[in-house]
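Shared between the two complexes below is chain A, which has chain B as its partner in the first and chain C in the second.
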Partner chain A sequence: MTQNIARRTVFATALGGAAATMVRTPLAWGADPITIGCSIPQTGALASNGKAVLLTMQIWAEEVNAKGGILGRPVQLVYYDDQSNPANVPRIYTKLLDVDKVDLIVTNGTNLTVPAMPIAMERGKVVMCMFSLAINEKFRYDRFFQTMPYGPDGKAAISAGFFEVAMGMTPKPLTVALVGADAEFSKNAVAGAREQARKHGLRVVYDRTYPPPTVDFGPIIRGIAATNPDLVYVGSYPLDTTGLIRSARELNFRPKLFGGGMVGTQNASLKGDLGEMLNDVVSYELYCPAAANHFPRVARLLEKYQPLAASNGVDAHGYYSPPFAYCSMEVLEQAVKGVGGLDQDKLAKYIHATKFDTIVGDIKFGADGEWTEPRMLTVQFRGLKGQGMDQFKNPSAEVILHPPQYRTGTVQHPMGPAAR
Partner chain B sequence: MSNLRFWACGLLLVLTGWLLGRLVSNEYAFFAGYSVLQYILLATAWNILGGYAGYVNFGTAAFFALGAYVSVALNKMYALPLPVLIVAGGVASGLVGLLMGSLTLKLRGVFFSIATLALAIVSQAVITNWEYVGGASGAYVLRPRMGPLGGSYIEYLFYTMLVMAVAAVALARTIERSKVGYGLSAIRDDELAAEASGVPTLKLKLLATVASGTLMGMAGAPLPFYVAYLDPPSAFNLAYAVNTIAMPLVGGTGTWIGPVLGAILLTVVQETAMVTISSAANLLIVGLLMVGFITLAPNGIVGMVRSLREGRK
Partner chain C sequence: MTQPLRLAHAAGHEKNKWGDYDRMPDPSAILNAVVAGVLLGGFYAAVALGIAIAFGMLDIPNLSHPAFVVMGAFATWVLNSTFGIDPIVAGLLMTGPFFILGVLLYRLYHTCFESRGEAPLQGLAFFFGILFITEVVLVLTAGADYRSVQADYIGVSLNLGSLTLPFRMLVPFVVSIAMLFALQQFLTRSFTGRAILAVSQDKLALQLMGVSPTRIKALAFGISIATAAVAGSLLIIIQPVEPSIGRDFIGRAFAAVVLGGMGSFWGMLIASIILGITESIVSDMWNPSWAPAIAFGFLLPTLAFRSGGLLGRKL
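And now, the complex of A and B:
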């Protein structure tokens, strides 16, 4: 549906009665809006992330419009729900570009960006992508930009922090077990971990995948425990993450280090549900309260986001996708202002040539459109008691172990019991 | 409708589609049109077994995805032209239909349906672990910008699907009006009586399964070029199975025109819902239409029209 930001403003969502005032806002603009189109999952498996991203984009658009728009023009978002189904994406982007005639496009997720790429490439459009992995290795499109901080070697970046932290332990670990779901992200994560294990001279004693619908993880944990690994690297999706951690706790399986590429440990409700079971588990993050000093503007975004998230039923904390979704929009905004227009060629060249000051720090894009330097955070959960989301707002709940410039503590090992 | 009129209409439809395509300047029409035609093909294919013989197939996604993955594999190996990939996808799915049919067609009613569901699950597990076609990570298929006949590649995909859809409807109509069709109808009405009357039930069911599977595989073969990326969850998406059953039910099973009407109605409604109300409403709309038609018009639109005509007489 076409989303008139001023009409369906995020603040109107929160304030309700203020909507009438917002409706009048676009009428005050003398210029045509700059339209930004995207296909974004609001239903299906990826809806949780899609909803948080959309909410953030709406917050950004509202702020931009309140400050006078971009180049004196208001910003308008045009979006359609792709139902988390890649087969719907080509139709949506052709509609956005050929019928709605949007000025800029934004994409979200690996599977949902790839189908948009040929369409964008045929029309020479800049693709501002959020949360995808290594897409441009195939397309090599010089107008593609991605704001997930994987850096130039995406597959390795997911696990690099985990292994560097592990190799800093005394005594050094010798063996590693690798386990992950038979699905896109986890297979990439485990493939990267395999490379890291080879690089660090670790012996792989367990290397298996499980089908995505698996619900009983007890046999998997028992199988891993039987090989007595020092490290257990897990590439999992939210439901598996919960299952694996619960099974490990039930079986009192406590290797030196456990975790790695666990999707879901970034989500407030899943964290709150697992609570103290997460103690000593190591996973990745994009942002957490322990990093707040480095990125002070994120707190301001979250102040707006969190009340709206509660009423919209999306990720309550918003540490994972919102800061990076906001940063994507900031890059577009700065590029349009820098170029002084919407010429796609000039925009692409500008984005390649510029270091952007964003909510998540300075970003420079490489030739492949990825960050020139990776900036994934490796964190360890500590001091959690019982269940509950609020305890994760405490900076000490997630200690940053890697990269060194953001470190707030050293790794605690071996894995202790859940309850302390 | 006489044979001559039918074939003239089919030819006219293809020509009109081609002419309209020449006049349309934005590609959205081709993408949306492709989707409608794909479902006409799938619904017609399903109807050959489900509508004519009364054997409900829940495994549409398996045949469809198999066609798509054969296309991915052959494209990776030899970069063959699309028509060859379509034939290969159809042959592969037809063979799977033959194999599955010979194993399961002795089962009747719900047991056969469960077997087709199992086929979809097993196929997805196989594809997920077949690394050559991308496995769980999915496969990228970079389509050319231009089609071999001029115009964009999506335009080419649209025309290809148009020809296949018209050919599938023609095949379904031919089957419906042949001895095979009468035999399948007899099976649907009472299989034991049909067998007692000398209808070669197993042979006819196998034939219907192969024809249905082949068409589904052919429908799936161009999918990787349409999406540019294929992974198991999207290729085996539940929506294909649900829509493919809903469309003949809404349009009217047992007739060649029923699936066509159902596919056009449901695809247009869903597409409109996606870009206007909310795509979350899509499957809800399909579900409500299915419930509505099963309750109020169990013979679909075709049955409703027939009742109205008979009422007038």
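And now, the complex of A and C:
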């Protein structure tokens, strides 16, 4: 019996240790640190993004501490791995706030932020959130702030650029197929696209979802092709994105415009894997080399991030998450300095009232905690050859089609063959 | 250059009274959907093969098998990206190390649980733990990013009239069938193979013949994990992988084994192909979101009328 218990204890300890590792960044300062707590996926399906975000937060913390900290106090990150599992999030934030007594909290992702909201709201904490969609539509919490540039109408923001670009084509498209995964983000993206289709008078000829663990997307592409749509709007997650694009290419399916809200076309390794199959595909970005001249400070962050990304096994280019994770921390830093303390009420009021100067440009938050103006980039992949991720460092690999102030080219249509 | 895909059965675009779209059944579309399903089923069979050995023959509930498939995919990625080795060859090269890993894992399982008569429930927890530990080890060693391989046959298709077969699905199907056939021959024609079949049927009789069931089970479990190396190489040909992707295959793989019949390779293959064809036809002709529900729906009536599965022994 004792042996059994001992064996189980060792096993459980090994599992538990792997599952939820609390880490504090080491410090050697006289003043008490300002502690920033977060639950962040380091394992599981969302680990790829979570690890890139954490790496960026660590770069930010190191820079801030090297400059003397905030208000003379060092910053210290306290984080736990939630294993990409929303069920782990409530107890992590409870521990962060009640046991670790962190001063500030940061959240990450739609599904992993929702379970944290009641805990933060109960304690009146400011929620600085990254990479989530339309969360505050339900909670309406006045201390919630989100740094992804969706603007006040998040669902529409993902697809608005795609449809505005599409309706500029000659001849104008008449029909659209909508397809997305049976999951939160995709459903929201496709719901927004449905509204856009209605707004632009497009006839929806295919409107279906697929289960997330789909392996072969060939039958889905055949089903879409059977309706002969002019446009195909896709709301997909990374592996679905590669599956849908590969299947479309293998079956030589070439509508006038293909793409939309495809998560994964921002990831360097997936882009490198797809390579020339991405030619003419339209997707969204938050930042890409074609926009580099608008945001010169991003390059400095990426110079630090990219060498570390290789050794950490995360997104090699870091165009997607790192700039916006960094800007979230910049907003917190500027707010604490502006308020001169950590009072949550004053911080929330300050963040609502202030325009923040960040590496991704000026940010002003609206009453709902979202950007007052959306700034999603709609891009089209061009001139890609074979495979390999280095070609995506070239600004001409992703042409910005929308919004107009960042435009670097016009849409190329219909979708051509993969290899040119 | 082939013409862009525009299927002949593109017909009614209006929703019918059930809120779905009317589609004229077109023979070439149905043929494409069926063939795509067969290819997909072949891949499912490769993933399920190890479970068919461990669970179907040895009564070992190895829930962690899909994690070893993912480990095989990562090993393939390392060999392909570092040395340029073809993914299939890489998978075959990894069968040796995976076999040893399987033997060691079985020894641990046997010592901790089986020999103490605690196998059924604790064994499940053990393999569930191994699943998570394997994922964490992969994240720590290879990172959390997506990994893929390069091969000339990825991204191109074989066109046979109106039939389009992506090599990305065709190659895994061929390799899977070859692996299944080779293993079936080994089990039925070699002494060790027959001993493995015997241990799944009558352990006591095997002991009376002077053969150690534990040793045979260790060998068989080693073989089951070795198949994960090949299945992993097939997986990474089909799609990029990340450490947690294995969880997606647990349900399908166990369903194929149970539906096919415990201990029957051919039953498992037929079940995998049924799952693949059902998913494919439902996705193409009807609504993709219903595909898993309808595919798994086959499980219930089959088990109701044939408790031992399609080709398995009656329970």
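We adopt the following convention: the second predicted complex is superposed on the first by the 392 of 420 C-alpha atoms of A that agree within 3 Å, B and C clash if a C-alpha of one lies under 4 Å from a C-alpha of the other, contacts with A are read in each partner's own complex, and residues count from 1 in each chain.
By definition in this document, a contact is a pair of C-beta atoms (placed from the backbone, for glycine too) under 8 Å apart; a residue touches a chain by one contact, two chains touch by 3 or more.
Bear in mind that the values here come from a model prediction, so they are computed numbers and not experimental data.
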| item | value |
| --- | --- |
| Overlay on chain A: chain C relative to chain B, clash or fit | clash |
| Touching partner for A:D230 - first (chain B), second (chain C), both, neither | neither |
| Contacts of A:A183 with chain B and chain C, given as first, second, both or neither | first |
| Which superposed partner A:D82 touches (first chain B, second chain C, both, neither) | first |
| Per-residue touch tally on chain A - higher for chain B or for chain C | C |
| Chain B versus chain C as contact partner of A:D280, first or second or both or neither | neither |
| Partner chain(s) touched by A:P211 [first = chain B, second = chain C, both, neither] | both |
| Which of chain B and chain C A:T43 touches, first, second, both or neither | both |
| Partner chain(s) touched by A:M117 [first = chain B, second = chain C, both, neither] | first |
| 110-118, 164-172 or 218-226: stretch of chain C that collides with chain B | 110-118 |
| Set intersection of chain A contacts, chain C complex versus chain B complex | 42-43, 45, 182, 209, 211-212 |
| Parts of chain A lying in touch with chain C, wherever the complex brings them together | 7, 11, 14-15, 18-19, 42-45, 47-48, 50-51, 84, 175, 179, 182, 203, 205-206, 208-216, 218-223, 225-228, 238-239, 242-243, 246-247, 249-254, 264, 267, 269-270, 273, 277, 312-316, 387, 417-418 |
| Touching residues (chain side chain B, partner chain A) in the complex | 26-28, 30-32, 35, 125, 128-129, 135-138, 140, 142-143, 145, 152, 154, 223, 226-231, 233-234, 237, 239, 271, 274-280, 282 |
| Residues of chain A defined as touching chain B within the complex | 1, 42-43, 45, 80-83, 85-92, 94-95, 98-99, 111, 114-115, 117-119, 122, 138-139, 181-184, 186-188, 209, 211-212 |
| Residue numbers on chain C that touch chain A, as the complex places them | 1-7, 9-11, 13, 21, 23, 26, 29, 32-33, 36-37, 39-40, 43, 112, 126, 129, 132-133, 135-136, 139, 142-148, 150, 155-157, 164, 166, 168-169, 238-240, 242-245, 248-249, 276, 279-281, 283-285, 287-289, 291-292 |
